[in-house]
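Should a chain be cited, it is by its letter among A, B, C and D, assigned in written order, with residues numbered from 1 in that chain.
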Amino acid sequence: MCGIFGMFGNKNASKLSYLGLYALQHRGEESAGIASSNGSKITYHKGMGLLNDVFSEKIINSLKGNMAVGHVRYSTTGSSHHKNMQPFIVYHKKGHIAIAHNGNLTNAFELRDILEERGAIFQTTMDSEVIAHLLTRSAEPRRENVIDALSKLKGAFSLVMIFNDTMIGARDTYGLRPLCLGKLDGSYVIASESCAFDLIQAEFIRDIEPGEILFINKNKIESVKPFEKTRQASCIFEHIYFSRPDSLVFGANVYLTRKELGRQLAREYNVKCDLVMPIPDSGNCAALGYSEESNIPYEGGMIRNHYVGRTFIQPEQGVRDFRVRVKLNPVRPVLKGKRVMVIEDSIVRGTTCRARVKTLRESGAKEVHMGVSCPPIISPCFYGIDFPTKKELIAAKRTVEEIRQYIGLDSLHYLSLDGMLKSICLPKDNFCTACFSKNYPVKLPKRASKYILEKNR
Amino acid sequence: MCGIFGMFGNKNASKLSYLGLYALQHRGEESAGIASSNGSKITYHKGMGLLNDVFSEKIINSLKGNMAVGHVRYSTTGSSHHKNMQPFIVYHKKGHIAIAHNGNLTNAFELRDILEERGAIFQTTMDSEVIAHLLTRSAEPRRENVIDALSKLKGAFSLVMIFNDTMIGARDTYGLRPLCLGKLDGSYVIASESCAFDLIQAEFIRDIEPGEILFINKNKIESVKPFEKTRQASCIFEHIYFSRPDSLVFGANVYLTRKELGRQLAREYNVKCDLVMPIPDSGNCAALGYSEESNIPYEGGMIRNHYVGRTFIQPEQGVRDFRVRVKLNPVRPVLKGKRVMVIEDSIVRGTTCRARVKTLRESGAKEVHMGVSCPPIISPCFYGIDFPTKKELIAAKRTVEEIRQYIGLDSLHYLSLDGMLKSICLPKDNFCTACFSKNYPVKLPKRASKYILEKNR
Amino acid sequence: MCGIFGMFGNKNASKLSYLGLYALQHRGEESAGIASSNGSKITYHKGMGLLNDVFSEKIINSLKGNMAVGHVRYSTTGSSHHKNMQPFIVYHKKGHIAIAHNGNLTNAFELRDILEERGAIFQTTMDSEVIAHLLTRSAEPRRENVIDALSKLKGAFSLVMIFNDTMIGARDTYGLRPLCLGKLDGSYVIASESCAFDLIQAEFIRDIEPGEILFINKNKIESVKPFEKTRQASCIFEHIYFSRPDSLVFGANVYLTRKELGRQLAREYNVKCDLVMPIPDSGNCAALGYSEESNIPYEGGMIRNHYVGRTFIQPEQGVRDFRVRVKLNPVRPVLKGKRVMVIEDSIVRGTTCRARVKTLRESGAKEVHMGVSCPPIISPCFYGIDFPTKKELIAAKRTVEEIRQYIGLDSLHYLSLDGMLKSICLPKDNFCTACFSKNYPVKLPKRASKYILEKNR
Amino acid sequence: MCGIFGMFGNKNASKLSYLGLYALQHRGEESAGIASSNGSKITYHKGMGLLNDVFSEKIINSLKGNMAVGHVRYSTTGSSHHKNMQPFIVYHKKGHIAIAHNGNLTNAFELRDILEERGAIFQTTMDSEVIAHLLTRSAEPRRENVIDALSKLKGAFSLVMIFNDTMIGARDTYGLRPLCLGKLDGSYVIASESCAFDLIQAEFIRDIEPGEILFINKNKIESVKPFEKTRQASCIFEHIYFSRPDSLVFGANVYLTRKELGRQLAREYNVKCDLVMPIPDSGNCAALGYSEESNIPYEGGMIRNHYVGRTFIQPEQGVRDFRVRVKLNPVRPVLKGKRVMVIEDSIVRGTTCRARVKTLRESGAKEVHMGVSCPPIISPCFYGIDFPTKKELIAAKRTVEEIRQYIGLDSLHYLSLDGMLKSICLPKDNFCTACFSKNYPVKLPKRASKYILEKNR
């Protein structure tokens, strides 16, 4: 899970990329990087941590050129390595390449095997290094080679690349991860989410379409759709949890979708309670929708501590469930003696959820009910969402009633699959629902369980 | 403006102080410090920055002893100095003292003059150094001396101190700043706000009363009220803006107060509009109250970026009002074509407010109205709230209509003084409203305009 | 033990102070600080660590004004506190003071007692804070007050201070610690050692004399000698070990003195050996002198590793005497089968010395003899040299023969007290030899064993 | 120019590698890295800066396994990139490789061209990445493949590598860079210089011979010499300047060699002077030799400041030749009125030399003569010594007389080529003297002027 950004044709390309990545920081907190180019030479800087830890004004100013691509990377357990920072850079006799990738290739392992057989060596476990090898395999850095290389990829890829004097944006045929195109004065912008455009006051033009490759250089912007067509299968979880509410994702606004998910939940379940409250901030919109539809008052029953960072010192003893408690504190007088309906965006492992429910009860809530704005997650994602293994997914092995008991709820209500799909103002067949339905749009490789490069080496 | 914390009688005193300060971080982001003692030796650590920047696990573990006091300090422009970090420590032949102070003494300058005349030297511009001098002036570190010293102070002071084997909590007779007492297992806790108790799962006992001094040592806890009695005049701005919504301040819950402020605003003004939205997060509760009372739907029309830190790089050119934009991004589809009622907790200078309103209009809002959950701020605070000088307070020099025009609103509605006071479920005479009414409860010194020590040297 | 520096009347005062302190870095590696002033306002920066860790170009440039004083502090075990960094700064209604002090007051404890009785409070355990209190006690910041204040000090003090628009240099009547005066273009410079003048290309004028106070302001430089006269008793250890060889200290060049100490050692002892080698770099000069006088070849038998810093990681096991070994490595082919005469400047505890001798033997030396360029150190220093307590001084409790056995030498030869004194081209009565003779020039206080402020609190 | 280290068969392999690199730090101050392995998994850490900046105890402890290779890299202007840190690591399906390389391949550019033609991509400009590609090109990670890969290399290479469960040490047929083998208890050690063995108390066994490859695994140590034999051409500059005096390099001790170079210089030139002094520390040994042979007294006429680090702040104005002055300060009383013979190890650009001579004159030296312990450097090195381009080499374009005038000497005396060669107790045909004679042992590529990968991309 990552955020990517690209800008072409602006003398402040790296500075605006920095700002664009700021708006995309929620897509990746582990590392950040920007590569810029004047068409002939790429300079770059990457580092572990938040954007602000990685970049200084001096560094941004040193990244010259009117093209830039940037990347923020999500922290996936156990693979937080310096070497896996993006953009991935290649200095090659055929030219210079910088690649920012969001998604997960399902055939990365196979491609890597083949490439290694042919003599390639790999220094990272990133899909983007595989893509770089494919790009430089062919004879010349022409359009056909790019098309040829990307044709070999299976799975999810939203890409922004610099290849010599050209910026390339591309999206897999399923449209699994978002990617959109914008314009700022005369220059083009590409970003994972439209909220990045808002920040730099760029204009949203359109999504880069599933299966589309855009070539942008100083003379023109050219679109090709060279891949064999498949059905669209965009990740519905972007709307449920991952994207920012102010973004337009796959053509729909996330805030409105989430409110509608909450409304639909209220339509599906009629829970007797005194107030509706979100787990902030991810449940805010759905809770608002639930409140409006059910006419039950909305309350901010828990207060979020904005200072909780990753280096927080945890006490070894004495304070139970501390990490959970420090992030969200209940407002006792609001909860005391009340039947509370809590709206969660989703339940993954269930452990944090359980601790929060306990806190709510200790704060005086008489009953704690929960509505979840998506169905039970029963299967892992192979296209870029960092769910844990099936073993750790609580809904993969327990019934709703068992989950309710585990979490300690008076009642638990998951949104139906259908209810979820009709809440988004887009064709329901356009979405991947594999994590809820096991219906994977892209055929999985035999070695699926170990498909991720990181887990193999 | 600061947050203070003290713990007596717990072997994890410094660790729990660290956690308590975490809950109080919103009261001061500039510097942090903790001093601990076993009754005979004080060790301490202080530093500039957020708690997490200043402390590591190793440092916390090095602060031994079963007593500790901690402090977080607010950033007031121009006086961010290392030397002004608290707690203030004195190693004296009469004993060891650590002082954490919240508030502003109005006679600090006079006291300092007198003390310097008598030969004292000062290394900081902090009120707490003045207090330290007074404490050590008298012959012995007995109770009478503490009472004698504190009797000389005028203005606002909430104090937690270690004096040899005793912890002392004290509050001025007006009760300007909050301070409350809690208990965790056998140990006593003192904090600016009750949210610090929640985090460490301590039990709230009661406020330390205006004019009360508490002496806590291993034998007993003793309360005295030695000062000449005055009326209570607690800072109402703690409820309006400064305290955390989950805190119990001056005996009332802040969340509920703020909701009631919003309700009262709706009762006072009947504005025709399609939605109510807060400036997050400070306006959240009042906006909810306004929505409930007015039956106009509540929406989260702006999304807060949680990653905006203090070292953010700002572009020199090209992106107008950037700092405002990066913090809050409007959700266009929610606002488009709508008559929007925005709820602000307060308006100080008006500049940020103006930029936000402009952003809302650019995002498609048809009309932008604003409700403010307090009256116009017309006069500075001399008791610890870091308002700018009168010259910079927009309401000190402009009428409401002029402010409305400056900010660019369709209509602007300030809560009435009376409406504000009756929204808090406490006697209205118990509050200081000087910033709204110029009715200062504590007589100001002649040199009031330059009363702050920091501005004199 | 510290290095101090002052500059008056140069617009680059703080920059040149930084450079001057660079040349004095050997006098203190623990902390560094510079305070500058334009005559009415003092700005300063202090920090723990080497000069280069503490200062950046930006910080230096922020220290404005045409006067500056600087300080580097030696690391004495157990008292490495932030609070003890110098210069010590006071902002007082009578004026602004910055004090840089080298030496140890023998009556600091008494003075502090008296001052605390009168109401003073102390935040550090530094002598300079005591001096600051004395300076501000009197009514006005006039010359008489400075003289009055300094008259109360007993023990060793070399001082450079800024007091409003005046720079003050002062030295105790014994002249225990060095202090000299130089000139650069029109501006005056004061430094612990003349090597600081060389670096900034200032001209050495003369030593500040024992008992002299210099007042430098824009109109004139004025010298007074107001104290009751005593005999001179300059610290001979400055020549033996502490000062840099290229410095002129107490009127004599250190390099030449050390060579003569070596020559004298050769005159006193006729040791049969094949080569003379120093413990680098402190024994270099004396070894050269010994070699010249004895006509035994000089060899660099051990190579110094220039990269050994203070944060070096030491292996827990497997490599014995590692810290000693990493700093100096023997050159085996030079030592193999040879009778080696090793020249040490002094022996304090004897432990490091012992490890080195062992290494020399393991590297093939047939015999290891040692010459020490001073007599046995039998008593602690109360005037600023950080010798350990008497208990740890190897020569305080063992005979030379016992020391020889402990260190593992074939023979051990200490320079005689007389030999040492006649090696310096200065009157022998001008020196303090207390650490060799127990003949302390300044009467010790009753509480001498605990005289250091740091050890009391 | 770099230092390399390897250890096989010791549970403290990474810790001992750290210590070994400490002894080799003079061979590279720019970056440092260590990779360790248990035979199946490689972990590593690399960073910019000195060893102490890059490694902490925690990091060292995290590098598990009984094999480790380490590297310190020299700072060559303009190519200080994170990406060029070593060891170079490859995770490949055929196995795991860690490569530490010292030297310069003369055909790196050609090899890279060929490899890129075949599809390889490069992320660094290091020779070691080229070597990695060659190693993984062949079908299996067997001995033959290693031999095959290394056979393609031209130029200078001293290598230590981990390849799965085997440690490999190798040296080019010319033996250009040093590499030696040692033993510590049961484990094998490989290092650039023997001083690394001394520090960890390992025993020196022998040099790895020119053209030799050592394969070390848990069963055996095996030596092969598969390459076509050439003459030996070891870098004589290692003895003149680069290696540490306490090292045994190419079979001879460096200290003794340097002394002999000084003696030979005295035999070749009879300069009338009062004292001989080195430019410390590189000229120390030769100056001692000169002094002994000529019977002119040796003096330490300049004192080295041990605190000069790389981040030193330089004054913009006022202090001429500051960087030169801060590093070495003359001892005036030693020099005053004297005819001084200064011994330098070598003269490259001549600029620093000139500034020092000026300083010596300003310090009172009556005459300044210079002896250089090698002949004029007239041609660049293509095998790893970071000389500047020919254009910048002062002796490439000026006569000795012109150099003398430029530097400002009374007389200048370069050691003769023959004199230099006979000073080392080794066959004179065993050395590369190309920088003095233009007689390059390895044929240069056509693109020699741009042969360095770093300069091409």
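Convention: a contact is a pair of C-beta atoms (placed from the backbone, for glycine too) under 8 Å apart; a residue touches a chain by one contact, two chains touch by 3 or more.
Remember, predicted model here, so these are calculated numbers, not experimental data.
Chemist: Go through the assembly and pull out the chains touching chain A as well as chain D.
Modeler: The common neighbours do not exist; no chain touches both.
Chemist: List the centre-to-centre spacing of chain B and chain C in whole Å, with centres computed as mean CA coordinates.
Modeler: That pair's centroid distance is 49 Å.
Chemist: Averaging only over C-alpha atoms, locate the centres of chain A and chain C and give their separation in whole Å.
Modeler: 61
Chemist: When the C-alpha atoms of chain A and chain B are each averaged to a single point, how far apart are the two points in Å?
Modeler: Whole-Å distance between the two chain centres: 37.
Chemist: By the touch rule stated above, which residues of chain B touch at least two different other chains?
Modeler: None at all.
Chemist: Following the definition at the start, I'd like every touching pair of chains, please.
Modeler: Result for touching pairs of chains: A-B, A-D, B-C, C-D.
Chemist: Which part of chain B faces chain C closely enough to touch in the complex?
Modeler: 89-94, 112-113, 115-116, 118-123, 125, 132-133, 136-137, 457
Chemist: Sort out for me which residues of chain D touch chain C in the complex.
Modeler: Residues 12, 15-16, 18-19, 22-23, 25-26, 50-52, 55-57, 60, 195, 198-201, 244-246, 248, 253, 255-256, 281, 284-285, 288, 292, 297-300, 302-309, 311-313, 315, 317-320, 322, 325-326, 329-334.
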